[in-house]
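Paired with chain B in one complex and with chain C in the other, chain A is shared by the two complexes that follow.
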Partner chain A sequence: MKGGLVWAVAARDLRAEARARVTTNQVLPFAGLVMVTFALALDREEVLQRTAGGLVWLATTFSLFVLVQRAFAIETADRALDALRVAGVDLGRVYLGKSIALMVQLFVLECVLVPVAVVLYRVRVDAPGAVLLVTTMICATTGLALVGTLYGGLTVGGAGRETLLPLLVLPVVAPVLIAATRATESALRSGGAAVSEGWAWVGLLAVFAAAFGIAGTLAFGALVDE
Partner chain B sequence: MLRVVDFRDVVATLDGWPALAGLTCVVERGEIVHVVGPNGAGKSTFLRACAGLVPVRAGSAEVLGVDLVRDRTGARARIGLLSHANGLYADLTAREHVAFWVRTAGAPGADVDAALHAMDLRGALADRRVGRMSAGERRRTALAVLLARRAELWLLDEPHAGLDAASRDALDATLRRARDAGATVVFASHEAERATVVATRTLRIAGGVAA
Partner chain C sequence: MRGTGTATTRGIGVVALACMAWVVWGGLVATPRDVVQGDAVRIMYVHVPSAWVAYLAFVVTAVASAGLLFGPRRSLGFDRVAGASAEVGVLFMGLTLVTGSLWGRITWGEFWQWDPRLTTTAFLFVTYLGYLAVRGLDGAPEQRARRAAVVALLAVLEIPLVHFSVVLWRSLHQRASVLDPGGDVKLDDLMLFTLFVGVVAFTCLYTWLVLHRSRLAALVEVAGRGELDRAIAARRAEAGA
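Let's turn to the complex of A and B:
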């Protein structure tokens, strides 16, 4: 039942999202617009090819804020999170469940953003690069989702949480942004980077995700209960 | 008789204000206690303190044998609290809510359909998203969740609010069935006439103390 709680929460969040369609109707167009705006602003093919990796992860990070706000808006609208607290449900497992749901949404988003980057910024991905790219996406998405969910719980119910969330999260996810950008540049061979250079960054992403997974599971209950 | 709630000179503060100012009361297993008092008397704070949501600053407080001063969360899994909010997700149906709670915090063998039927959530209504329900239907969904969890202590804040006459009768019958099954019910309500139909005892609170 304990593992069941994690999957039950993840399935519940994904079902609610599938019906509300915030990701497809709002977040995806928003992220697409960010990508197009970058293309218009930079307006030079060699610059876009060099920065494509970073632009994908910036668009993903901006979208993370919208998705986290939404993930906790459904918890606070009718005090559903309070109901879980009062029922003595293990909030550490709620944290993992919500993180998995957020991870899935972010990954779907990235699966659209990467082809958009390929078309818009005219970058190429070969087979070894694709393996590195997909691994980077999985590890970076896990880290972003775990941090986003933890800080979403920290700011839940607080005044000005819409502005507070990016202020708190951006400094914390900076290592993820940097590592994911470097690994993606290697996967896309931006600026002559080799694919082999990217795997060390993937290792850093995995360590970051593991550390936040453990810390978040332990801390989330106490943060939400106060 | 086993004491389910045992408060002695309990003081609990909200934003520095003593919402409970030395409350002493006992609720025994199998009782259906109607908590009455004017607005701001401390009724809701009493219910939230029983659930361990409001810390006890002074006095002694035991709920289901758990000392709330030492362990505020220890009894929560055995308690069902329904406050003014219903704790529901707008994009999920009533059936999905009950199924979710049975899976995450329900008693072994809890029956989703039985809980839905007890609150008259049948057919298409059980499969309607909560966000498209009336206030009364949402309240009944929240009560169905509580029923499916098979809590030992039910704490209800204005449970009759928003319900039509038929739903109120169904709620009263549900409370009696819960009591017969071994649960204890404490509810706050301004509707004295309705409450006296189902309550076995009345607890008056005024100014944060038992009147």
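Let's turn to the complex of A and C:
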């Protein structure tokens, strides 16, 4: 039953999301709006085309903050996390379960943002680029979700903690932003980049996700423990 | 109530002051101008020691945090040292960034370059601002200490990853062209000696500040406890009267 806990928590978070539809009704439109706002700020088509990869990942990161706050709002609302703790479960597994649920939501979000970039920023994706792009999305999303959930644990309980989340998460996910942006640029051939250059960055993303997966499982309990 | 000074801190303070006096005189007057950089090279006597102290401070924070989490005696003293060291480290890291960009403005004509070391240092600075913010969160003392220690150790995991990715990022896009620190500076003996005295001076200052700051944190805790007792006693006296 021990492995079951991870999936049970992930399924619970996703079921809560399916009922409340916060991601689809609020976070997705927000991310789309961010993409439009980038176009307003950068103004020129060739600049947008060149920076499309980075803009997709910035929009994803901004959405991450909103999603993490939502993921922990459902824990505090009915003191669900306290109930789990009283049940004597391993918080490391709760962490993994919540990360998986967040990962799924972020991935769905990216699957919308990439076509938005194709339409708004006029980028092109071919078959080898698409393979690299999907692999990048999976690895980067894993890293983002693991870090977001880890520091999200700090925002549980106590007023005025929500504002702390971006300050803690942004420096940590900087490697993900850099690597995912470069890999996506390779996949989209922005600025004459080759697809082969992108795979080294995917390696970095995988190492990052593995490191924070292990560290997060160990550290999460200490961060949320009240 | 006793203060935070002892014979040790006074000794360290005197050494720090004496070394500082040497650095001021040596750095501004006695040492020669650099052939290439001119007087701008004098910033080095402040910049290099403050960068050294900043990194030292964060190593001390990490070690003290590990001591709190894994040590045989999980005393809150570790937490006070970790917090004091991080505060002083943030101060010196800010000083490093400011002196570095002043030097950059004179030498490169720009305050900032997206060089791997600069970028990593900026990220380290922000990371420890976050760490200090986490220390400010409420909770029981033991829990706050444990939480802060975990965040400090996560920062140790984060910084190499950030540095590695920034190095890779820059190397693929443009060769690190500008910053080759000390590469074209020929240091003569007096310059090296002044730099060394600067490092000693700043390390003494750091130690002095951390000792005082962590003792102050201990006194604040004691005072906080006493305050509660006094308030309870006052209410009881009111009820009795």
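Odds and ends about this structure:
The rule is short, and it goes like this: the second predicted complex is superposed on the first by the 224 of 226 C-alpha atoms of A that agree within 3 Å, B and C clash if a C-alpha of one lies under 4 Å from a C-alpha of the other, contacts with A are read in each partner's own complex, and residues count from 1 in each chain.
Here is the rule we use: contacts are C-beta pairs under 8 Å (C-beta built on N, C-alpha and C of every residue); 3 or more make two chains touch, one makes a residue touch a chain.
Since the structure is predicted, the reported quantities are computational estimates derived from the model, not experimental observations.
Legend: residue contacts after superposition of the two complexes on their common chain; A:Gly4 is shown touching chain B, with no touch to chain C. In the overlay built on the shared chain, the residue A:Leu120 is in contact with neither chain B nor chain C. Contacts of A:Leu14 after superposition: neither chain B nor chain C is touched.
Once the two complexes are laid over each other on the shared chain, residue contacts for A:Val47 go to neither chain B nor chain C. Once chain A of one complex is fitted onto chain A of the other, the partner contacts of A:Ala219 are limited to chain C, with no touch recorded for chain B. Once the two complexes are overlaid on the shared chain, A:Ile74 sits against chain B while remaining clear of chain C. Contacts of A:Val89 after superposition on the shared chain: chain B is touched, whereas chain C is not.
Judged by the touch definition given at the top, the superposed model places A:Arg161 against chain C, while chain B stays out of reach. In the superposition on chain A, the residues of chain A contacted by chain B and by chain C overlap at 225. Against chain A, the residues of chain C that register as touching in their complex are 123, 126-127, 129-130, 133-134, 137-139, 143, 146-147, 149-151, 153-154, 157-158, 161-162, 164-166, 168-169, 172.
Taken in their complex, chain A has these residues touching chain B: 1, 4-5, 8-9, 12, 15-17, 19-20, 74, 77-80, 82-89, 225. Those residues of chain B that touch chain A in the shared complex are 51, 53, 73, 75-81, 83, 85-92, 96, 100-101, 103-105, 129, 145, 149. Residues 150, 154, 158, 161, 164, 167-168, 170-172, 174-175, 178-179, 182, 197, 200-201, 204, 207-208, 211-212, 215, 219, 222-223, 225-226 of chain A touch chain C in their complex.
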